[in-house]
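In order of appearance the chains are A, B, C and D, and numbering begins at 1 in each one.
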Amino acid sequence: MRKRPNLAYKLAALLLLIIYILLFKYIMIFENQPENANAVTAIYWATTTIATVGYGDVVFASLLGRLFSIVVQVTGIILISGFLATYVITPWMDRIIKFRLP
Amino acid sequence: MRKRPNLAYKLAALLLLIIYILLFKYIMIFENQPENANAVTAIYWATTTIATVGYGDVVFASLLGRLFSIVVQVTGIILISGFLATYVITPWMDRIIKFRLP
Amino acid sequence: MRKRPNLAYKLAALLLLIIYILLFKYIMIFENQPENANAVTAIYWATTTIATVGYGDVVFASLLGRLFSIVVQVTGIILISGFLATYVITPWMDRIIKFRLP
Amino acid sequence: MRKRPNLAYKLAALLLLIIYILLFKYIMIFENQPENANAVTAIYWATTTIATVGYGDVVFASLLGRLFSIVVQVTGIILISGFLATYVITPWMDRIIKFRLP
């Protein structure tokens, strides 16, 4: 039986999101880019990065910021892929196999 | 039986496209980028965004524009993935399973 | 039986590549970017675009150039996906199904 | 039986990484971009390129650098895809087929 994400997972995701936004703002201020130190830009940068669009209009220039970018790219893409594989692709392939094989 | 997209879907897609182009132009004028407020640039930005190429030569700088970018990225990629899964990948996997399994 | 790409396909691909490079150079000169009107930059832009990396350091600014970008993105990604589906993914899935199913 | 990457592969990967970082630094100095000639930026550029994010904040402008970019894009994406197909997707599809087929 396939389960939907439960409360513990949702709370962990929310906590991770808050930590991420705080780190994003902190590094933006550290890099002297105060105009980008807000939650909307943090979500915009994360969405643009994890969807692999990568406009490049909001970027970190310091070595600390580049290390942060590497971590968000690698863990963000792994987290989203794992989520999609578990809750979207697997149920969808199940349905194909169930309905089409005799 | 697998159906091809019917008239209602095509009209909905056309309506969505027109609303998108109008919104794109409106936000570009709101952001004082009149040189980007045209239908070709709107389609260029949408294609570049949804194909996840993301050149970054045409971007929104306001918080409103960034929220619009997040919405287009998330809904655009979901719509295209759903469309490809239904009308390209599923028929293609059907053919593989049909022709290769005994 | 699965065939490898034959001579006719290879010639068609070569012809398409030559037409693409000539068009790329022509539009770059038309846009007054002579420093980008060379074959290496044409291949660099096509690879960057079709692999959906999209650095955005080489872009077209005119409406003609943006229409050309839309065409290369859509047809390039379709051509490469079709090629990979036929010559890489299908043989690979065949092998998995053959070796793992009883 | 599916094997995990062994020592020889890990040493080859490490050697490839060292050669890549040295080449990256060499071309950055050749292009007169000494601020980008460091290991963190080399890893940042490679991650950004191979994950197909492509911010475009760190790019090569010379023909040599663009040829290097083409090679890293094509080989990087092939290497990572091959790695993921062998050590992530295949075991995952094995599990689905094993657990769901009667």
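Following the convention adopted for this analysis, contacts are C-beta pairs under 8 Å (C-beta built on N, C-alpha and C of every residue); 3 or more make two chains touch, one makes a residue touch a chain.
Remember, it's a predicted structure, so these values are computed and weren't measured experimentally.
Taking shared numbers over all numbers used, the chain C to chain D interface scores under half, which places it in the different class. Interface comparison, B-D versus A-B: the pair with the greater number of contacting C-beta pairs is A-B.
Chain A and chain B have Cα centroids separated by 20 Å. Between the Cα centres of chain B and chain D there is a gap of 29 Å. Along chain A, residues 52-56, 101 each make contact with two or more other chains. Note for the complex: chain D touches chain A at residues 38, 40-41, 43-44, 47-48, 51-57, 92, 96, 100-101. Remark: chain D residues 52, 54-56 touch chain B in the complex. Across the interface of their complex, chain B is touched by residues 49, 52-56, 59, 61, 63, 66-67, 69-70, 73-74, 77, 85, 90, 93-94, 97, 101 of chain C.
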